[in-house]
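Just below sit the structures, each encoded as structure tokens.
Each of the next two complexes has subunit A plus one more chain, namely subunit B in the first and subunit C in the second.
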Partner chain A sequence: MEPILEVRDLDIAFESGKTLIPRTDKVSFSIQPGEIVCLVGESGCGKSITALSVLGLLSRQGRVTGGSIRLMGRELLDMTEKQLDEIRGRDATMIFQDIMYSLNPVFTIGNQLTEGIRRHMRLDKAAARERAVALLKRTGIPDAQGVMRKYPHQLSGGMRQRAMIAMALSCRPKLLIADEPTTALDVTIQLQIMELLRSLRDETGMAVLLITHDIGVVAEMADRVVVMYAGQCVEEADVRTLLASPAHPYTRALMQSVPGIDDDRSRRLYTIPGSVPEDYSHMEGCRFAPRCPHAQSCGCRPEYKPLREGHLVRCERAGEVQHG
Partner chain B sequence: MADMNKPLLEVRGLRKTYPASTGSFFRRDRFAAVEDVSFTVNAGETFGIVGESGCGKSTVARLIMALEAPDSGEVLLDGQRLDNLSESRRIPLRPRFQMVFQDSGSSLNPRKTVSDILREPMLHHHVVSRKDADRRVDELLSLVGLPAAAKTRYPHEFSGGQRQRICIARALSLNPRLVILDEPVSALDVSVQAQILNLLRDLQKELGLTCVFIGHGLGAVRYVSHRIAVMYMGRIVETGDAENIFSRPAHPYTRALLDAAPVADPDRRGRKRLTLEGEAHGLLTDGCPFRDRCPYAEEACASLAPVLSPVEGDEKHLSACCRALQQEEKSC
Partner chain C sequence: MQSSGFMPVVRRFCRHRLAVVSLFVLLILIFMAVAAPLIAPFAPTKPTGAFSKGPTLKNILGTDQVGRDVFSRLLYAMRSSLLVGFMATVISSAIGVVLGLVSGYFGGWIDKVIMSFTDMVMSFPYILLVLVAAAIFEPGLWSIILILGFVDWPGMARLVRGNVLSLRETNFVKSDRAAGMPRRYILFSEILPNTIAPVLVNATSIFAISILDEAALSYLGMGVQPPTPSLGNMLGGAESLTILTTKPWLWLPAGVTIIVLVTCINLVGDALRDALDPRNTLR
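Take a look at the complex of A and B:
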């Protein structure tokens, strides 16, 4: 099956003064139709800029310096801004963590929702409105007609995220990119939004790229998981394999450092010593080695290679890590 | 080791209201952010407060710290009222109760070195002499796991986790009886969160520290707390030992909160859980504030305001629900 999205060897760099500082290093992954892929990592690992670059939304300082991004077989990096405009909102859409600033405060929800529908689906005003109301209802907004007339500030966080999702889905996209969509929400609302996203995926067959730092969210949502550290992919596997037998020391550490609600409380939380390096572009060898409990003479540059079918790891000692 | 059974902090019937926007100039309503909140914290104990945004947990912290005045109710530290003192009489007591905020970036003065940040409160309150201050700064830094070389640096040179360590060191510099931590790890990455949570547990053991830990991350609150209160719409709806709250929740809201927490096990995705509809809002003034989202709500819930009462005769485990959960509902 042809993947919906295929990212290959993606290098992104950011301008700092006159120099370009690399922020990602050959990021590669793909998403099949109907699949939910989670991109996991801590702040600064490059997961958000990877997602932004797919839709050509990097800020002015950011630039793709190498690799390829193919959406349904078409190379996005070769497209003009005008061609990208046709794709954004129609084939691939994005929702963000920051529900406060992703909606325009001076237009009503209805206004913002119908704009994309009319543009991409070429519907008239009345038909677009009808579709918008149906979408709001589908996302679980009780008073959809009323919400159409409201401004973003009049809605709660959960309602705003629902409106964002309705907007993202308005033109039946093949790919939804969700950047930490529930991080700003309370847990009971987070659960509602996660269930909504999953059922929408089941219904429409769209693929979802979900960016998160929360292993719990990964376990609830993902089909497949890509773990990033310091600008590189370090592990990729289906969700069961990854959570049950992680093979990269970072993945393992990340899982052990989260206090669960039914863990043994007397067990001390595992901590990763030190912190994520701020500028990792010049690091030789394994980027996790300075913090890794398994590091020996990992001066080598570990390759990102399959441990077995469908399970990629960037660690020389992956086999040992997995079984110990 | 401190005595675990003597209350160090007592909070009695705390209430705080703010003006509510009604949309009309002529109607002046008030919204109760905190309503009749009472609890005690024993010496050497960590008391966790959990709840979702807007439930009033941070307001409780600010009321205890006397950063705001309650509409009614009392806050007692070591048997002494804090809430009705004038500022000049409260200042000498400040070393006894200290606070750590969520945003470590904005709670440290960017123009002062770490050494100055830690020395200033100690010298102001005459906790150490000028001569000994340097030695004490070194001690504090090693206590929170920072190198002595950190002294001469400025807050912006540190990562979020390290800055939170500085905030904790500053709070500890005055040898406080009580430390209030308002979402101290919420802004941090998971690997750094674990470091800070472990640090807090070590400090509890080493110093016999008494803490109020406020958070929305259930796992984190459970990890550091001995006892927990769950808040909803300004009220405590359930309180008890951390273990009891998590293993035998009695209030439907606690149950839903626990069920909503994501579990790192994909095989438990389809598990039965108590899912809430809608969102918290302050519209229900009488009766149970949770009744419009509660799957077990009955007619009586609209008129009868539930009070905290013992669960299955356990005087330490209190729940504010008109109907204790039936056995089969609990196991769902």
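Take a look at the complex of A and C:
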């Protein structure tokens, strides 16, 4: 099947004064229709900018310096802003982490929701309103009619995120990019929102690119997982394989640093020493080596290659790690 | 929680007693100015009797050096002063808002060009610029409106630009872009409504400043030209020391009116700032 989204060898760089600092290094992954792919990694490893670049929403200093992004077979990097506007909202759209300012504070929910529907679906006011109410109901908002008349500050965080999702889904996109959509919410609401996203996927068959740093969310949601570290993809596998036998030391470390419910009380929670280097663009060889318990003194230069069918790893000692 | 919208703003505004009184006074003065032809007992430019006579029952604020009724002139003077203030505010707000929006949203070289120009206008010795402009163009009501309008906008442009700079980074603007909304829509239908409150507050202070500037210019003879009365040129009589000390009815009414107008406008503006502040909505 043709993938909905295919990102290949994507290089993104950020301007700093007169120099360009590379932030991602040949990021590649693809998403099939109806699939939920999680993009996992620590803060500052390039997840969000990868997602933003798909819709051409990088901030002014950022630019794509190489690679290709194909949405349903069409190359997005060659498109003009006008052509992208036709794609955005209709074929692919995005929801964000910060729920405080994701809705315009001076307009009612109904007002904002119908605006997008009217633009993309060419409906009249009454029909757009009807669709907006139906969408709000679908996202689990109890008093949809009442919420239409409310301003964002009158809603709770969970309600706001639901309204955001309703807005994103208003034009039946084929790809939804969700950048840590539940980070600002408490755990019960987080679960509800995740369940909502998954049931919407089942219903509409849209693909979801979910960005998160929460392994729990990954286990709950993902069909396939792409792990990023310091601007590179380090591992990609379907969710079962990845959780059962992670092959990259970083993936392994990430999973070990999550407390388990039936952990031995005496188990000390694992932490990865150090943090993601601030400027990793000049690093030679394995970028995780300085923090890796398996690193060899020789300093290897691992390639991103298949360990077996459908399981890509960037580590020379992947086999050992997986079984050790 | 109460519903949002217009009513809470009114309620918060009403909490400022002084501002409510000011608004009331302002409305009365504006009414008197607008209805001047109905209220004024005499024509503002025609002599009515004795020269420079103190207040009598016939001329309640006395007569000026040419024998015109001061009260009637005052009413018409408020007309020109308020008109100058209002129109100058409208023009400079329009220029400032548009330049600020464009500059803040598009950034890059557009921003640099617009902001350098703004700084240039801002750093120019203001009263001198107005004087030169007034000397080049024929002085009069409309030329002073245009002059003030084209000089007062830099503050507004900077204010709007600053607001847009922070608004364009918010997620609702990003969401709009992710939803494929056109730039024009984002700029005018999403960002602009969010800057209305500070713009309105800033406009009131431009209004007050314009009235003062009009008075200053007309006093210097570069503004509204006699015999058309304005608050500024009515003060002209105070140049002479004898008038200043012995004939207060010639300058006191205009002077007091300016003070009252400007104070009221500023008080209303202050209350408006509090009333429109979104951080107050939670209280």
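Basically, the second predicted complex is superposed on the first by the 321 of 324 C-alpha atoms of A that agree within 3 Å, B and C clash if a C-alpha of one lies under 4 Å from a C-alpha of the other, contacts with A are read in each partner's own complex, and residues count from 1 in each chain.
Note that contacts are C-beta pairs under 8 Å (C-beta built on N, C-alpha and C of every residue); 3 or more make two chains touch, one makes a residue touch a chain.
In this text, all values refer to a predicted model and were calculated from it rather than measured experimentally.
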**Asked** Just subunit B (first), just subunit C (second), both, or neither: which does A:73 touch?
**Response** neither
**Prompt:** Touching A:17, do we find subunit B (first), subunit C (second), both, or neither?
**Reply:** neither
**Request:** For A:219, select first, second, both or neither according to whether it touches subunit B, subunit C, the two together, or no partner.
**Result:** first
**Prompt:** Does the superposition put A:93 against subunit B (first), subunit C (second), both, or neither?
**Reply:** second
**Asked** Between subunit B (first) and subunit C (second), which does A:275 come into contact with in this model arrangement: first, second, both, or neither?
**Response** first
**Request:** In the overlay, answer first, second, both or neither for which of subunit B and subunit C A:261 touches.
**Result:** first
**Asked** Who does A:119 touch here: subunit B (first), subunit C (second), both, or neither?
**Response** second
**Message:** According to the stated criteria, A:151 is in contact with first (subunit B), second (subunit C), both, or neither; which is it?
**Reply:** second
**Request:** List the residues of subunit A that touch subunit B in one complex and subunit C in the other.
**Result:** none
**Request:** Note which residues of subunit A are touching subunit C in the complex, please.
**Result:** 55, 57, 59-60, 84-90, 93-98, 101-107, 112, 115-116, 119-120, 150-151, 153-154, 164, 167-168, 170-171, 177
**Message:** Per the contact definition, I'd like the list of subunit A residues that touch subunit B in the complex.
**Reply:** 42-43, 142, 156, 158-159, 186-192, 194-195, 213-220, 222, 239-240, 243, 253-255, 257-263, 265, 268-272, 275-276
**Message:** Which stretch or stretches of subunit C touch subunit A in the complex?
**Reply:** 1, 4-5, 107-108, 169-172, 174-175, 177-182, 185, 189-190, 193-194, 196, 278, 281-282
**Sites on subunit B touched by subunit A in the complex** = 52-53, 159, 161-162, 189-195, 197-198, 201, 216-220, 222-223, 242-243, 246, 256-269, 273, 275-279
